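Below are structures written as structure tokens.
Common to both upcoming complexes is chain A, partnered first by chain B, then by chain C.
Presenting the complex of A and B:
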């Protein structure tokens, strides 16, 4: 028993600074000031891109960490939003391109991505556990082949190019600094939403369903509806990232949603860790840095071997990714702060 | 014997006295008769108009059957391993591709195609054994980590194979006695002088189908008629109880994993001779195994055969009749099966 149990129960209202936590404040300050020290390359190709990948991996972390559903279709969901941007917005591939303004096309893309996500989820939650990974892999692969073969809707192999980020409020949002802050804002919002959501009634219910679906069903919760709604929420995040990805690349093609990138997202999430929403972003930074600089070490050719081996080492050594390593070696106070399960086992 | 108020009347009982099995039997008879008629009868014009031509239709069916044979070879190993060990081996496609490459090397080096097939099987079986002993045994009981490890292995393997065999497309040459085309007894058209034109079909593809059937029957016999098959089936049902009753589970696991990997390698050589060997085939056959096993039911050899038949036929028929939507057809089948029977056609309830 701790002493706190004997002190009069006066819920002291913490200041917002305390509630936020020193780590978040420092991290936020660093990320806000990062453009002062970073070159354009580090701002967009490392910073912005990491946050986009981190958001897609975050959408996976939401499903896997809180819902126990490991999905390999997250990049497909992001791809839905990106294709919507290409088809309904403007492109220079001379196929479709209805020229909708960004403030309609982007929300529409995100919404459609979330709907598709809910649909995938509805298919996947018909089975349990390890089946989810197989079904979502089948969905991702089939979507890739379909996008590649279909020219009437997806423009086949070349996909769409010439996607332009919006010009609004006097800024072109694909310029390094505006784009960085745009990504940062979206990522921070998604991060905060997941962190907040995980402690909400819905989040707690979802985690309870993950731990014991039968009991939750017996209590009277609609297990399927909760899971599908989690897929919908994760689709919102992945869709947002998909829109940013389309603007970042300026193009969308089947290669973006192929099996390799789909697995890449899982690798990012696993390397970072599935225990806490910061994990996916951590993993994204590591993977993007490796992608960028491993070329100097092993050459561009064998990059996949390197990342694959790194991934294998992480899976073997620390099932909770880099977060797990941190947990293991950090000073031992507050050890269980990030653990979401009582027995300390991860997903 | 059925009571007036009984609610479990099955839909295939037109009159009392016909059981569910008999009902399905009648349906199967009708389907078989229709198929026979489609194959042997001279088609009326309206049928030609709907299905392009008899030749296109028959070729699609035969191609579908041979592809199903190939899918069965790949998926049977996948489903065996899954059923027994709950191990989703996402490196199964890599085993297929590596088997194909090794078969190609051995066949070109020695000049004997059969030696290539044997090498594909043996080398992959050994690699499967090593994977099971060194990797999966350490992670036993942790499904997700096992699956993640197989993903990592498949990435590294795909990259190393790309380094070793480059991105070129290889074709494993079939020996002469398997090559060439045979005349099938199916008449596709009549010449103006009344002579019948018979459909010719590559002999080798029929051999693929035959090999798949023989291996399928062999697997079935092994599982249902031998001691080790009995142990495997017991392991699928209850691993702990099997272990408790004195069987060495690890030996069985290693055997099944080696067998599954070997079958993937064998399928690689056989399939690489019928089609071609190139990077990316690993993903294709992984997807095929996934869908076949999801549709057919996990851990069931019969399910794998049924799933392979459905997917192979759907893919080839889709290729002929609606080319760009063929993948969607496969996908729709998977979704429908999941919606109606989440555990797959022959799967046990989850």
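Presenting the complex of A and C:
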């Protein structure tokens, strides 16, 4: 093995603006200016809510797209953080409510959510494919029933209400504009972290494990440890979204973490596409818009049928979701800033 | 060198690169391996020959821990590794290639080799992107050069030709300062030119790196090894120099004759 001197071709240095990509710049500008044109309803109920659901779906995309682990327990993980801020922060249900300030309760909730996520992961990584889905569905279902029946900790069926985004830095974060920007900041941070991470050493490791765990062991990696850590990271994102979700709804109850919402997250992620972290957010916008407006048109009864049909059509037409449709019909290569590679490693 | 190898093989003591004692592996009622006792000196290059289903790949799986042996002990440079997890064995300097390529289909060639270099370093875990000055990246580049994959550095592994995938298999085993490598039919499906390249790569390995190579092609096997073990029905039945093996009547009957296939 004569390791001949090899000089790599000088990498082409791009400016930060070029590397950001025109797609990101345009999208960022639109999202920053969106409050100028949007009503409070569109700001919070559509905008903020889409970004919260998008983040939970992003936490699934990280596991499924890069790690090959499809989880149905992401809403449960978000729920952990939501219950933590209800129990340790303030609520008006007269149960618990230790009154911790938000800057302790929220990070604590997110961290605990990540720990639970790692624990779920540790249980689930012994399985593969359909069995991972089944075991996480079992975890989600069991958590739902436990929260519903346990009054000492979860306050049972009614759960906790009176949860509010705090006043801090001179702003009322529960008001539409500040809350929108709060959601946007968290979503953008999570998105950027996943996008950057996809090309990090850990990101490559995770994708390699998805492709061939046996070979990963044979080049020295502890496959289980890496997978469990991916669950931990995913839990940080889902937990953050869980805190925002509690503030958005003003409450947390078992209904929020029921099986329906759990499956909803999977539907969002798949409708949007699992190959690039923008996919979950696209899916969330579509589903939230449908949820909001289709109910008026077709009625609540038939709404699930409509979502189901839409899901089938998307999966049938484009297995990579809306992202896949875009890849197929976009005007030309590289005009946008996504640069999505087929492996989902992104920019 | 030859002399030392022969001497330490006979003694059965001291730190062998690899030492197997009564290793067996059963799959239900099927005895895939039984009573394998084998000593390989550091730096020794050994060929394992045997007909299909003789248990050669199973032997490798037992050594690397892909499947644990049902019985017996395995020592690697004096340390008992019988119960270690596969990645722990790799971190001690053991490497392998697979008969059927086990690669990362959706990663690029360079990223695959980079991960292999990184996997045995202490810094294998990082949330940062590899920097341009990353020593593992430089190492990956030079290994990529050794197996002639420079031109395909950014190609996705799934798009490589069969021959290139076999080269990458070898690259993954060369990464990160190996001490001992198990090659499972690296020449299978290669063109004559690619075979010559393979022989050149193996012969150019530093002398301290020992290996076992499973090879159906006697021509290749005898050019890259100094000692040969014959397997049949899960047993080692003959060991010797290439000449001894070629002239052994039993070998000719079982292997070179009709037994093959």
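What we mean here is this: the second predicted complex is superposed on the first by the 322 of 347 C-alpha atoms of A that agree within 3 Å, B and C clash if a C-alpha of one lies under 4 Å from a C-alpha of the other, contacts with A are read in each partner's own complex, and residues count from 1 in each chain.
To be clear about the criterion, contacts are C-beta pairs under 8 Å (C-beta built on N, C-alpha and C of every residue); 3 or more make two chains touch, one makes a residue touch a chain.
This structure is a prediction, so every number in the text was calculated from the model and none was measured.
Q: Touch test for A:207: chain B only (first), chain C only (second), both, or neither?
A: So A:207 only meets chain C here.
Q: What is the contact status of A:197 with respect to chain B (first) and chain C (second): first, second, both, or neither?
A: Touch partner of A:197: chain C, not chain B.
Q: By the touch definition at the top of the document, which applies to A:139: first (chain B), second (chain C), both, or neither?
A: first
Q: Tell me which partner A:266 touches in the superposition: chain B (first), chain C (second), both or neither.
A: Touch status of A:266: first partner only.
Q: Give one of first, second, both or neither to describe whether A:307 is in contact with chain B, with chain C, with both, or with none.
A: A:307 contacts chain B only, not chain C.
Q: Which chain A residues contact chain B in one complex and chain C in the other?
A: none
Q: Help me check something: in the complex, which residues belonging to chain A touch chain C?
A: 1-4, 6, 8, 11, 196-197, 199-202, 204-205, 207-208, 210-212, 214-223, 226, 342-345
Q: So in the complex, the part of chain A that touches chain B is made up of which residues?
A: On the chain A side, the touching residues are 70, 123, 126-131, 133-135, 137-139, 141-142, 145-146, 149-152, 259, 263, 266-267, 270, 301-305, 307-309, 311-312, 315-316, 319, 347.
Q: If we count contacts the way the header does, which residues on chain B are in touch with chain A in the complex?
A: Residues of chain B touching chain A: 86, 88, 90, 138, 142-145, 147-149, 151-153, 155-156, 158-160, 163, 283, 286-287, 290-291, 293-294, 298, 323-328, 330-331, 334-335, 338-339, 342-343, 350.
Q: Can you list the residues on chain C that touch chain A in the complex?
A: Going by the criterion above, the answer is residues 64-66, 85-87, 90-91, 95-96, 98, 102-107, 111-112, 114-116, 118-120, 124-130, 132, 138-139, 141-143, 145-146, 150, 156, 172, 174-176, 201, 204-206, 209.
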